[in-house]
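Each of the next two complexes has chain A plus one more chain, namely chain B in the first and chain C in the second.
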Partner chain A sequence: MEISSDLIIIGTAILVAANCASIGVFLVLRKMAMMSDAISHSVLLGIVIAVFAVGGREPVAVIVGGVLSGILTISLVELLYRSGKLKQDSSIGIIFPFLFAIGVILVTQAGNVHIDVQHVLYGSIEFAPFDTLYLDELNIGSKSIWVLGILAIANVSFIVILYKELKISTFDKSLALSAGLMPLLVHYLLMIMVATTAVVAFESVGAILVIAFFIVPASAAFLLTDRLSRMLVLSVSLGIISAVMGYLFAIFADVSISGSMATITGIIFGLVWIFGPNRGLISRWRRISKQRFEVDLGIVLTHIHKELGSDRQVSTSSMSNSLGWTKEYSKKLSEFIQEQKFVEKNAQGNFALTDIGLKKVENYSN
Partner chain B sequence: MEQKSSKKNSESEKEYSVIIKNLSVTYRTEPALWNIDLNFPKGQMIAIVGPNGAGKSTLIKAVMGLVPITAGKVSIFGKTYSKNRDKVAYVPQRGSVDWDFPTDALDVVEMGLYGKLGWFRRPNSKTRNLAKECLDKVGLSNYADRQIGQLSGGQQQRVFLARALAQDAQIYLMDEPLNGVDVITEKTILSILENLKKEGKTIVMVHHELQTVDKYFDWVVMVNRNLIANGPIKEVFTKINLDRTYQEKQRMSI
Partner chain C sequence: MILEEILSIFLGIFTDYTLRYVALGSAILGITSGALGCFTVLRKQSLFGDAIAHAALPGIGFAYLFAGTKDSLLLMLGAAIFAWFGGMITLAITSTTRIKQDAALGITLSVFFGLGIVLLSYLQSIGGASQGGLDRFLFGQAAALIESDVINLGILSAVCFTILILFYKEFKITTFDSSFGQSLGFPIKYLNVLLTSVIVVAVVIGLHTVGVVLMVSMLIAPAAAARQWTSNLKNMIILSAIFGGLSGIIGSMISSTAEGMSTGPVIVITITAILGISFVFSPKQGYLFRYIRNQRKSQTSLDNIKTISDKEKENHGNI
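Then we have the complex of A and B:
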């Protein structure tokens, strides 16, 4: 089976992105971003121990070792913060560097097995095409594609089959508990999927960059939609776009592939954060200034109504004086209220409320 | 402690939906509820009152096993909660969930039916229609597809009530549903609960406003870690009992 190595690398990247970005949605919604950081680092310990135990990088042993150390991480973190004064973030900050550090020590002792710190931190997606699987001496293609593909099937099945259970236990744990839908079990199943995904993705993009694919696309998707199902689809799409664009950029600029991919996730998030349709910075800013303008409009019309009621005249300049607004802003507002025919200007430059304006004032005072 | 005259066991099961015996709940070594004997009568509006930290929320959570029970027993229509969980609906405090969650009002109401569906079974058009009916009952059918964070506090509370209605339970346990809500919401909630009561359902509500207790409720449970009083409003909602309920705390905290 001969497939070009570019395709294998892109395929690997797409599968890493899809796996992490789908399961990452639940991490983001459960406010567990830091926990995924912890897990994706501390799996190193399990991987190294597994490599020592079987004398090589046997995929099944590596995954089992990684998942076990992931679960160890979660359990230790929960033990720490439930037993005393420590908060969850501090507990995470204590446990994962400790487990990761032991892993680093073991890696440097591993002269005879193929594993090094460089590989652990940045992954080795570049070598994906050279690592092939054999079935009875028959070359069945890229190992990373096979492993990540099976993982993708597992992740999608997990989310599809337990969608309702994941949703209710994430949104309202006590409802899930009272309904007998065992949120703690769901939690641990999710953590097993996170740890498995972390171990497998770790091979390709390394410990540091796994977190980018877990958290960043899901966070961008969160800003883009109000539906969980759409958030999942968007998160996976943004993850895949980052992977593909990252690869193309890496080839073009001749830089680290996994580094480029993670950088693109950050850039995409930034764009969504600034330009997002409803929750983006610009649209929020526009909405606030529009609301502000609407409030000021009410203030002006009520002011004119009040002044006219006590037989005083209002002009653009008196407006800026009595309301304490700049001349430019008062001018802008007075032009607007004339345009909208809320007021008319008489020969002396003083305002008179029209019927429409009067109605508007009544609306505000209600 | 005042209790109604004791009845034979078989009769009490007919009359009471929830029977609590010797209930103690402790957080670490701190007692939250201490040796409570208490029955909730059927077809009544029951208020749980007491000062902050008196264990009011803990009491209704303990009934559903949402907090671990240190000692004692709770029975729902004569069985354990896990055997009769479909008979109980719970309305938690509004602050207990993240309202930024990507979901809409109708979806939250439908979640009330997840327990009945059980593991793996997916919501369907039947659950969707039931959820719509319940949302309509609380006057929010126009807000079905609104993201829940964009609802007002009162509307959010009504969504929670609609979710409990969807559960179609016999007992409604509610944690301060009237706290800080608008007038329309308060009226809506009370008239719905009135109807449930007429159908013979038991409504147990943690309630903060002492002025409205005798207006809205038939029965009151006064608690401050210990059970202070429990019975019909006319008999037990007295100044002496109120003083005992609300002074106990001060004495303890000195």
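Then we have the complex of A and C:
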């Protein structure tokens, strides 16, 4: 059975993206995104110690070691910040560089570990096709696909089985507590899933791409929807799109695969941020300027009404003087109120309120 | 025997040419990042340093790509521009969307770093081995510091400290009570940008010695350690700078004794050790003195109970 190496790399990337992007939704919503930064760095220490202990890169030992060091990181961070000596972000920023630094020193001190420190950061997904799994000396295909596939099943069942618990404890912790949904247990289970996902994904794509897939697609999805279920689907889809496009770009430009995947997640996020419906920068800017226009319309009509009431005349130029607007903006507004038939211009260029305009002004004052 | 060895390493700072610059460069980094880190910790922006350090990587790649030299000042300029840009993007994400700061930091960190890796791999594919020198910014390579690097670092650090001293009062107000500062008429927005820019410079200095990945530790750990000993901002900054500088010197000395031990990780472990010592031994908040105080307290209350019961016995006699 021969599968082309391109397919194996893309398959690996898609599985990493799907695994990280689904769990990442909960990290983003629970304001624990930087926990993935901490875990994905400190798993190095666990992996190195595991390799030392068993004398080789046994997948099971590596995963166990990585998960244990992930749990160690979380516990140390929580211990530090519950002691009241440091804030949570400071605790994260102290624990993970410390554990990572120990890991780096262990790797460089022992030449026989076969872990390249730089590949820890940006992975070696390029080599995924060469790492095959043997069952009774029978080649059963790529190791990374198998491991990541099993992880995907575990992650999907975790989310499906505990969906209600995860949802309620994410959005309303006290409700979860009072309803007996054990938010603390859910929290630790989630952290174990994060650690497991980080370790397994880390093996193939490196620490930084793990963080990118955990946080960026989920954040983009967060800007697109208010429903948790839709956010999960969107996050996974955006992650997979980034993986595929990132791979194609990397092949096209002959650059690092994991680096270009991370860059594409960022580009997709940027597009959603700028062009996204409702929450995007453009629609936000449009909404704000529309609201400002509405308010200014009210100001102008009330102004005209008041001035006419005290026997003074209003023209476009007097408008910009007394209301402090630029000439262009006053002109735009006065054209608009004439178009809408709120006012009429008489021969001297002064405004007079029409019946519709009068009604609108009275609406404002009521 | 061991003492003699330690002494000879220590004397090496004065005699050994390489070690002198390595230790000096690391000390400059430690002092600068220690002093400025106080503000990031107090402003609850600890991981901001992590994000902007990662964001600096593409700047190094671009600077090399366009300028074609490994002149450290140009690379630092590129790094500073991107680090600053990354910081601004993070602030823009949190202020214009409902995404919280932690996720915004994660986005900047991973995407910019990814872009940096793309650039480095591109440089590698077009330039062969010439890219090798850029890798050192990942974990830092204090051992590669030469005299001109150290002079550059010293100038940058002096700029940071001049700004810090000139704007000390303003930085203090924006850190502890920015709305009060605003009511006094301080341009809080510009001050925040200025403070961020100074922190960017400190981060850029750090890229040479501890690298992108571990830089965050140099900003947070000295400040957190100093915080255990004092509640006064001025003292905290001075103490933090001392801790940072000390860990730079000790770390570079330890790493010079062992073959292949990178300076960055050793410095980080040293400063974390100083933090641990501070946790245990600081007089007000430390575990040791708290334990002693608690013991004394329970002893005094035991004594009190004893005297009271003795008095009772005297008054009423034995029953």
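We take it that the second predicted complex is superposed on the first by the 365 of 366 C-alpha atoms of A that agree within 3 Å, B and C clash if a C-alpha of one lies under 4 Å from a C-alpha of the other, contacts with A are read in each partner's own complex, and residues count from 1 in each chain.
Just so we're on the same page, a contact is a pair of C-beta atoms (placed from the backbone, for glycine too) under 8 Å apart; a residue touches a chain by one contact, two chains touch by 3 or more.
These numbers come from a predicted model, not from an experiment.
Novice: Where does A:A352 make contact in the superposed view: on chain B (first), on chain C (second), on both, or on neither?
Specialist: Neither chain B nor chain C is touched by A:A352.
Novice: Looking at the overlay, what does A:A262 touch: chain B (first), chain C (second), both, or neither?
Specialist: After superposing on A, A:A262 lies in contact with chain C but is clear of chain B.
Novice: What is the contact status of A:K167 with respect to chain B (first) and chain C (second): first, second, both, or neither?
Specialist: first
Novice: Touch check for A:T225: first (chain B), second (chain C), both, or neither?
Specialist: A:T225 contacts chain B only, not chain C.
Novice: Quick one: name whichever of chain B and chain C touches more residues of chain A.
Specialist: For chain A, the partner with the higher number of touched residues is C.
Novice: Touch check for A:A53: first (chain B), second (chain C), both, or neither?
Specialist: neither
Novice: Identify the partner contact of A:I274: answer first if only chain B is touched, second if only chain C is, both if each is, neither if none is.
Specialist: neither
Novice: Using the touch definition from the top, say if A:L184 reaches chain B (first), chain C (second), both or neither.
Specialist: Touch partners of A:L184: none, neither chain B nor chain C.
Novice: Between chain B and chain C, which residues of chain A are contacted by each of them?
Specialist: Common interface on chain A, chain B vs chain C: 222.
Novice: Can you tell me which positions in chain A touch chain B when the two form their complex?
Specialist: So the residues of chain A touching chain B come out as 29, 161-165, 167-168, 170-172, 174-181, 222, 225-228, 230-231.
Novice: Which bits of chain C are touching chain A when the two form their complex?
Specialist: So the residues of chain C touching chain A come out as 41, 44-47, 49-50, 54, 93, 96-100, 102-107, 109-122, 125, 135, 138-139, 213-214, 216-217, 219-221, 224, 228, 258, 260-262, 264-266, 268-269, 272, 275, 279, 285.
Novice: Where on chain B does chain A make contact in their complex?
Specialist: 61, 64-66, 82, 85, 88, 90, 92, 96-98, 101-104, 108, 111-112, 114-115, 117-123, 147, 163
Novice: Going by the contact rule set out above, which residues of chain A touch chain C in the complex?
Specialist: 27-28, 31-34, 36-37, 41, 85-87, 89-90, 92-94, 97-98, 100-102, 104-105, 108-109, 117-118, 121-122, 208-209, 211-212, 214-216, 218-219, 222-223, 250, 253-256, 258-263, 265-266, 269, 273, 279, 281, 284
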